[in-house]
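After the structure tokens below, expect a handful of questions from me.
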Amino acid sequence: MKAFRQVAVLAAAAVIALACGGSGGGTSGGGSSSSCSKTYKVGLVTDVGKLSDKSFNYDSWQGVLNAQKDSSLCVQARAIESSTQEDYPKNIAQFVDQKYDMVVTVGFKLGDATIAAAKANPTVKFAMVDYADFTDKPPPTNLVGLVFQEDQPGFLAGALAGLQTKSNTIAYVAGLESVPAVVKYVKGYTNGAKMTNPNVKVLGIYQPESGPKDFNDPDWGLQQANTFFGQGADIIFGVGGNTGNGALLAAKQKSKTCIGVDVDQFVSYPDVASCLMTSAEKHLDIAVKQSITNMVKKSWQSGTLTFDAKNNGVGIAPYHDYDSKVSTDVKAKVSDIATKLKEGSLATGVSTP
Amino acid sequence: MDLDVSWGEVHALLGENGAGKSTLMNVVYGLVRPDSGEIMVDGNRVEIGSPLDAIRLGIGMVHQHFMLIPPLTVAENIILGQEGEFARGLIDVERAGAAVRKLSSDYGLAVDPRAKVEGLSVGVQQRVEILKALYKGARILILDEPTAVLTPQEVEGLFRIVRSLTDEGKAVIFITHKLAEVMAVADRITVMRQGKVVDTRKPAEASLAELARMMVGRPVLLRVERKPARPGAALLRVEGLVVHDDRRQVAVDGVDLAVRAGEIVGVAGVEGNGQDELVEAIVGLRRLQAGRVVFDDRDVSRKSTRERLHAGISYIPADRHRLGIVLELPVSDNLVLDHYGQPPFARWVVRQLKAVRTYAQRLIKAFDIRAAGPDQLVSALSGGNQQKVVVARELSTKPRVLIAAQPTRGVDVGSIEFIHQQIVSQRDAGLAVLLVSSELDEVLSLADRVAVMYRGRIVSVLEGEQIERERIGLLMAGVA
Amino acid sequence: MSRRWRQLLISAVVVPLASVVAGFLVGALAILVTGSDPIQAYSALFAGAFTNHNAAAETLVSSIPYVFLGLGVALGFRAGLFNIGAEGQFYVGALAGVFVAFSVHRLPGIVEVPLALLVGMAGGFFWAGIAGVLKATTGAHEVITTIMLNYISFLLASFLVNTKGLLLAPNVSTPRTPDVDPAAVLVTLIPGSRLHAGLLLALIAVPIVWFLIERTTIGFRIRAVGFNIDAARTAGISVRRTIVITMGLSGALAGLAGIVQVLGVNKHMTDTVAAGYGFDAIAVALLARSNPWGVLPAALLFGALRNGASFMQLETQVSSDLISIIQASVIVFVAAPVIVRWLLRLREAPVQTLQITQREEVETTS
């Protein structure tokens, strides 16, 4: 049959196409050197934000990659991106089935799935980034929740904003109010600003609707930011994934000043580098790498692992392009506050549960 | 087979559907490659591998289904393919229009170059097709069934155009299956049957009956033999009927008409005078604005089409492909299209395919439908046989009233004869027939009474001796 | 081989198969561009879909909703209706069914399961029926109305599932409904896997839908309307009623997919439970050429792609988004048989083309 011959030709073309490209394959290079007696396999499952989200998944994955690069840890890492939240259990199971030693899951949305998997697979270690709500007391011993004191970097960012604002009006555009981390950032930001500048006015809004666009509605973020600029704000803090990124973009377009969140957005979101004064960071990479190190070095801690100023788990990012626009005096003041937070001699005034 | 065409002549290619006329012309136009044989133009052997080759040789073709782009203007359609000559980025509409205007005045083909094709009547669209071919430099023009879609008046116009073309020395090949037309327009007639040339004649040397015999391969009755009607009680009455067309204009304007059992009432009229709307209103496909439809002394005006059909009204719609059959379904399903759900063809909601097939086999035989079997797709049948499927379906449900709209349009001579005989024999068995036809000959040969429709009204109902071609023609034109 | 069978073979088997091959080729190009090895990626995809531990069972789990949804969309196609709203009907079916399934208690499974399934189907029937009624009465195109109804159902599901006092279960990190009654859960077919009895329902649904289309008077009306709406009306078929019923049945199958997914896999409902299945199903139905039997292999293919994607990413770090590229290309080739025929040098005209046209529906006097 002529038709089948033609299919064969197509198939042959396919093989040729594949063969030509055979040499291109390159996955993230393995860190396991010859000195390793055992290679630890670590898998990471993203939430629906993807590895390229310039924020959460990206930074957590950097932590895993840093562990892989550290030859003393003998880690080999892989990631699976989740397309829908229905895939979470399945993607975790993929790593378990492949006999991975540890699974890192990113974001509170994977919480239920991770806890269930930890209970079902006691020999595998699980780390949840930014989530530690355990319904079981005590939680499974193979499970750790990595959480952050977001009020501290928020406080630092707010302190800086309070010193830098010319209109005495600053603003924030935040994700869902039902997510405690978001609220802590915002409250820290507000308190920090009020401390350095008692006359400051803080405008802000949380994303109201709960739906598929949680943390992923940059258009809305941009719109809200523009509203605040119209009300006189000259600095905006974007707190909430892509929604917050929308606010940053608005600042860039209107030549205002912006403050990023979670990671150093100068690196992760270079589009807004020109307006970015700093970012209120949680060092997800440090936390993730720490939890992997605990697993490899047999110093595993289960339960909740809190990262704060003391263990360098949070902070604010470098000023980058704003270095010249922030006076030495202001820098010193902010640095002083950071040191006091680290020592514990200064509190943010935000109650932490 | 052999065929030769001379410059300055109209050469008619006559044959039934499927006799091979169109295939032959597709070979000449480069759409189909011949298995053997050769084509010569002006004595030189030519290779025609594609329509482009044909156009270069001066061969133009007007297809049965027009190849025009409706939203474009006449001029745009005509210069399509050569629009570069009028364009430097933008098309120079003025210059293109002028070129088209000159061409149309040269040949007496009046068209407005700026009119959009979608707004033109079928006859004018055909002129655009002819102009398109002439514009591309056609010296040999092939017209494939050019009258199939035209009204009698438009046919007249077409014949005049064909004449003026041949006066210019061009050759025209006129493909048709209509006998009267070839006698009227052709210089020579080549009759084809089953892919072979039967004979080539001049009109003066041939009679209608002889041509028909050559086409069909056996003697054909050109006039239907029928006994005088013995009408009974009125089975179908329409009273004071007012119906709108699709544009919500009044199309049927207060029509009263009665059809009695055992008679054929013909509705004559130029197409577009409300006949379609009248028929659709009777079978329940179009809303009544006023008046009522009475079947067997019962008012059925508010009944659905299904209820009317099941009560005993049969309907042969004018547009076979659009309304009469479902091309993608087999012959058997088409034969039960309007009573598929009744016993024995269905039990509860389950179709009884065996019963359908048996029934279909019976009808295929009784109505001489040339199909491979009941399971063959109806799209694979010739036009005549498709129409026989419709006629067989509508006449086999023991109807009491038959609404037959253009029952033989686009049907070959052999099938026309058969369909006419069927209608007449059912009339003799007591069927009330309302026949709507734009072919005056059909009305004249079948109808016991003739109602002439003009601008939505029945202007006259003629009986017996009153039924004359001249008189009806004048009434149709709104003169009398 | 007779001409007709050859034609059938080409249109029903060769062209879809070639479209799939071509889709994978386009996918391979995309993998190459991103600097990975297509052979490795596709091997991992295959392993993740079939040969890994539980992979075959998981592929079947992913295929089950595709079967119901594909059948539903295909049914619509047969009447010339383009039901884009399967995703939304999935939600409404799941919502209606899950409400029954977590509200009932202490009834035997033989009662609870069919009850939940029926209510789920009714939900889908009702939701799609709205689009059907709108089309039949006002001529509003079903593509537009079903898209709009999708949004309403997404937000409705989100609202009900996220709101305390409505369907939100207490103390959960991801908003979801309470678990369904244990007796309402579809039994697991292979212990240790998630493969549930929905597979059997899907396998039964195929011949039932085939029978409905090919052997019943309803199916005959659906096909007649789909092939030639004017001829159908002329033959006395009520086009309006057929449109409403077809849309309803199409939606009922989508709703069934939803409640089966809830009772079989999740045991509760989230506001993302449809997970794009309903949109993919349009592709499944196209690939199946609207033939119920064709839905089975098409659903299996899409289930395998969906299920194998994560292992492919694990093994080769090729993004699971690649699957969307493959799916989309397959559909481009299926929807454009001309391209495939040209690639294969097949001259014959397509046997079946999908018509999406706005038709005027004026019916009899009322």
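Each chain carries a letter (A, B and C) given by its place in the written order, and its residues are counted from 1.
Rule of thumb we're sticking to: contacts are C-beta pairs under 8 Å (C-beta built on N, C-alpha and C of every residue); 3 or more make two chains touch, one makes a residue touch a chain.
Just so we're clear, the structure is a prediction, and the values are computed from it rather than from any experiment.
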item: Pair joined by more contacting C-beta pairs (A-C or B-C); value: A-C
item: Centrality ranking, top chain (CA atoms only); value: C
item: Chain A and chain B: spacing of chain centres that average the CA atoms, whole Å; value: 73
item: Distance from the mean Cα position of chain C to that of chain A, given in whole angstrom; value: 36
item: Cα-centroid distance, chain B relative to chain C, in whole angstrom; value: 44
item: Multi-partner residues of chain C (each touching 2 or more other chains); value: none
item: Parts of chain C lying in touch with chain B, wherever the complex brings them together; value: 215-220, 223-224, 227-228, 230-238, 352, 360, 362, 364-366
item: In the complex with chain C, residue positions of chain A that touch it; value: 2-4, 6-7, 10-11, 13-14, 17-18, 20-22, 24-28, 43, 78-87, 90-91, 93-95, 97-98, 108-109, 111-112, 131, 133, 135, 210-212
item: Parts of chain C lying in touch with chain A, wherever the complex brings them together; value: 10, 14, 17-18, 21-22, 24-25, 28-29, 31-32, 35-40, 48, 52-54, 58, 154-155, 158, 162, 171-175, 266, 270-273, 275-276, 307, 309-311, 313-317, 319-321, 343-346
item: Of all residues in chain B, those that touch chain C in their complex; value: 246, 283-288, 301-310, 315, 317, 322-329, 333, 337-338, 340-341, 346, 349-351, 353
